[in-house]
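Pasting the structures in now, so scroll down.
One chain, subunit A, links the two complexes that follow: it is found with subunit B in the first and with subunit C in the second.
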Partner chain A sequence: MPESYVPKEAMGHGDGGSAALAIGEAESLERRPGAAPPGAGPPGAPVGKPRSLWSDAWHDLCRNPVFVLSALVILFLVVIAIWPQLIATGNPYRADLAKAQQGSQPGHPFGFDTQGRDVYTRVVYGARASITVGVCATAGAALLGSLLGGLAGFFGGWGDTLLSRLADIFFGIPVILGGLVFLSMVTSTTVWPVVGFIVLLGWPQISRIARGSVVTAKQNDYVQAARALGAGNRRLLLRHIAPNAVAPVIVVATIALGTFIALEATLSYLGAGLKPPTVSWGIDISTASPYIRSAPHMLLWPAGALSITVLAFILLGDAVRDALDPKLR
Partner chain B sequence: MGRYVIRRLLQMIPVFIGSTFLIFFMVYALGDPVAAMFGDRAPDPATAAQIRRELYLDEPLWKQYLHYMGQIFQGNFGTAFNGQPVTELMASAFPVTLRLALVAVVIEMLVGIVLGVFSGLRRGRDIDTTVLVLTLVVVSIPTFVSGYLLQFLFGVQWAWAAPSVAPEAPLNELLLPGLVLALVSLAYVTRLTRTSIAENARADYVRTALAKGLPRHRVITRHLLRNSLIPVVTFIGTDIGALMGGAIVTERIFNIHGVGYQLYQGILRQNSPTVVGFVTILVLVFLLANLLVDLLYAVLDPRIRYA
Partner chain C sequence: MTNEDARSAGAGTALLDVRDLRVEFRTRDGVAKAVNGVSYRVAPGQTLAVLGESGSGKSVTAQAVMGILDSPPGRVTGGEVVFQGRDLLTLRKDERRRVRGAKMAMIFQDALSALNPVLSVGAQLGEMFQVHEGMSRKDARGRAVELMERVGIPAARERVNDYPHQFSGGMRQRIMIAMALALGPDLIIADEPTTALDVTVQAQVMDLLAELQRELTMGLILITHDLGVVADVADTIAVMYAGRIVETAPVHQLYRAPAHPYTRGLLDSVPRLDQKGRRLYAIKGLPPSLTAIPPGCPFHPRCPLAQDICRTDPPPLYEAGPGRASACHFWKETLDGAR
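Up next, the complex of A and B:
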């Protein structure tokens, strides 16, 4: 597998124009004769070794402006989610009814909401709920899905059939509808029921992808060779199949993170997701929606923050997919 | 073909039972429909017990489910708690949502395929990049945000369309809600068409068709498009089911009295017969649409044969 990436890597050097092309060709000529063992090297490893799929992808990603920009946005959001006080000194619950629905003014760039709370502070504090739900739900769904899907794809048999049908059942339930029914029974105001529900409906998607890529990886010659040499199931799965089957799962999980954040906001908007006093963009958009004609700023700021967050994760997933699967370009 | 259809129909049975039982379990086991009927007041225990007996709520859950399914297959979906038969609610709600979903699908196909063909044929150029970025932006704006924005701009600010829809839901008033409902799928259709066109544009049969002197537009419409639309058709087919279930948000924004509206009201008031009945039909629509798409596959691509 790594050998097939050598020519690609040489091409990667040539992307930057004619001067870079000459250097790239010199480097690749230098590299070709050396029958270096295929293996991973850190991104800055000395030339002479073919890079693995991962370091090759990392090399591509660092030159992709879309990836760098979306990664920076996400980094910023994560920092804000952990320490909102860094950029918002106010209190998101502090209400001053005299200022209700007022627009932008000095010190309060985004204006005030219906209860006279500072919209800017609430938008900053709202990142926490969205990022927590997105990250936890994706981690849960990815773990559960790749474990179940991977095992089903590796062992096959009746367990595989059972899992596929089980995934079909969860696919058959409309997501927002299931969320409304399930979450309207819950009275907890924490994020965990929402996370649990998204994991419950999100794992089949990941498990299908994981199953498919494990089935493909299983048929590779090196897996057969390892088996012939006497490797056990555990070693085959962990050392030979998992590293080669995990790329599609990572891509789908990154894109799913964005859609999970949007799903949480939609459920909160419908009154079934997060509940006050949790500060959430979905809730704020919902409370602002009746006043869209008189005070659109109350809706537009949280809606903008939400859309940018979702967009950043989707762009990141898209860039990662391009880097890990150069065939798609 | 016949054997394949029968096998698929048999496979649908456990999925149908599983999905409906899951919803049935959530509605009847997690909530208390009798308490919901009385709202804030506590019901008289004797009355509550009688209602429970009438509604089969004193039986174990699996017996309730069997009884309910038995009734459904005789065409009896029960009565909503206000005394209206659920079938009557369905008769008024499903045509509205079906119309909305059809408007959405038509928009999705027209705009999505045209944009996809344009960018697919100009792969790597500026217009292609612009379309790709635009689709990602559209995908990342949640429906309830784009719904309010478009309603505000088209319905209020410029007054080009009605901001809310009359109970009869005529087609011209459904254009704007249909667009809102279609937006996300529209982006997916565009991307799918683009990838498929870009892949097939380099195929041998396209080169042959061009080489034998066919005009370009004929090659595109008769040769390229026909072969490239297969994955798009698959997506749109499965999307019809998703659109009908996903119309809750759109119907709420534009005040459309369709399936989503009835379901939302049903869930808020814990009106269990309405919720379970509507969801059962939706699951059925979803499964049948999937089956239909798989069969359509064989018609569109003669290389695929189902034994």
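Up next, the complex of A and C:
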């Protein structure tokens, strides 16, 4: 029996699989741009009608200009966070006090800061700290929050109650005050204490969302059906509940990424976040703020970069939410 | 009768022997007694139809038998579920899980919501073999195609990677049936398998189910509120009311002459072609709240035959002929009145 279906199945997967080579690349290439494949292809998947929730969402996103634009901005930011040398050849620490607070001039489009450092170079290098903090803090908070929230939602009982109250306690900590108190005790100049603090305050938000969507997904008939057919807890959670509960977590995490970056800048501005010599938009905004009337460019460029970054992530989150939640369409 | 007697009497013939099963739900409004001492038996190859209104406890009984009761708030508070000689309620969790799917399987009412929307049907069918038999993904996919062909899905090989929403209602229910049959279980519980379908498709799906059951000599518990569905397929009927079985009988005897006023009310409220123009009969009143089941016979507030004894003494299940039982003090009168 199996021998009889193998060749046909290989044909069905022809486009992606290695088996396609035997059939001939020309054929699969030829078929792709055409409308509905004539008879040979799977009848359930006409071109232009995506199949799963994810491919459907992806299809929607690619047609959403807000998503495309914000994704491009974010891609650009990530690239310059990794390789700032690509677009900034200068040294962000090189200070030329003679040029302090001077405005734009050839080779230095954004001017100089109060210590005579090139603002353009510093803005470019500042992306690294912001993106690192944003991505790492979001990854940490999403991982911790969805793990705890997901387990609490799935198993319920006293563990759930305990976790929910714990999350409430962390919710109750005022972010700025907490940051000033906790982070002022830290002497490290790396980004990790800030990342740790944001994870600590950020996970309850994710865990609430994760818990809620797991509780909702758990009540679906297909979860009970899978249980009735002998699936264990791990399989239920990973294969049946998680894929159906992950969408809201992704959305909230994307939006949170933007707010975490803003939070890092706020804490750095207040002197509790990142510390020199780390190059950070928040620190630069802070050092520039006394001179806002005499040399506004020192503040406006890093502030603009920060705003665009935060906005890009929030718009991305919005677009993803619209794509994943069919009810909002 | 002691438990030992019951077991020795039933072990030879019964595939499933539910004895005095009790299930409660703890809610904010108090304890809802959803199942109050239900007993039934299913022999291999036999079909038992469990008939009842919404809230009569028919689905909850099935969930307790399958071991998929939502707990909390649901809780089995008593009774036994003897399946192939073992009391399932005393099994360890993992032992019980091995029984589910492999030895007894369930078909749900609404296949669209009972199939995972993010997994292709082939993945869901194949999962059965991967979980229970440790089969490779590819072999499992092959078995999925065979199963889909077995339940009459056209172009199964091409459609195995389609998602549930791409199938019609009848096809989806066929896939549910295929999933239940996958591992060759000895007992299938079908919880209103045709309620969500068109009438024409209902008959096809029911026929398929009956045919497969005959072929594989499985026991089948058919939970339904549709008297029409039952008549052709079932061997025995158990009528449930307020978490109790009020009457059991071979199917044709029950249709010909019900021995419980409730069954009679149900039969009388079916529209009939030969009684055109008359007002349709309805059982007066509403089913009782499960948090406040009336004392005595739970049906007495709605019963046309109710006497004083019905308000105080809960009727036991009287034997009302060969293979028949009725939980009514006046079963004889009801039976005679029906003839």
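Quick notes on this one:
Heads up, the rule we're going with is that the second predicted complex is superposed on the first by the 278 of 329 C-alpha atoms of A that agree within 3 Å, B and C clash if a C-alpha of one lies under 4 Å from a C-alpha of the other, contacts with A are read in each partner's own complex, and residues count from 1 in each chain.
Here is the rule we use: contacts are C-beta pairs under 8 Å (C-beta built on N, C-alpha and C of every residue); 3 or more make two chains touch, one makes a residue touch a chain.
Quick caveat: nothing in here was measured; it's all calculated off a predicted structure.
Of the two partner chains, subunit C is the only one that A:Asn244 touches; subunit B does not reach it.
Residue contacts after overlaying the shared chain place A:Gly258 against subunit B, while subunit C stays out of touching range.
Judged by the touch definition given at the top, the superposed model places A:Asp221 against subunit C, while subunit B stays out of reach. Once the two complexes are overlaid on the shared chain, A:Gly178 sits against subunit B while remaining clear of subunit C. Contacts of A:Asp318 after superposition: subunit B is touched, whereas subunit C is not reached. Contacts of A:Gly232 after superposition on the shared chain: subunit C is touched, whereas subunit B is not.
No residue of subunit A lies at the contact with subunit B in one complex and also at the contact with subunit C in the other.
Residues 66, 68, 72, 94, 97-102, 105-106, 108, 110, 113-119, 127-128, 131-132, 139, 141-142, 145-146, 155, 157-159, 161-163, 166, 176, 179-180, 182 of subunit C are the ones touching subunit A in the complex. Across the complex, subunit A meets subunit C through its residues 1-2, 5-6, 8-9, 12, 42-45, 51-54, 156-157, 220-222, 224-232, 235, 239-240, 243-244. The touching residues of subunit A, when paired with subunit B in their complex, are 165-166, 168-170, 172-178, 180-182, 184-185, 258, 262, 265-266, 269-272, 285, 289, 292-293, 296, 299, 303, 306-308, 310-311, 314-315, 318, 328. Of all residues in subunit B, only 11, 14-16, 18-19, 22-23, 26-27, 30-31, 136-137, 139-145, 148-149, 151-152, 156, 195, 242, 245-246, 248-249, 252, 263-264, 267-268, 270, 275, 279, 282-283, 286-287 touch subunit A in the complex they form.
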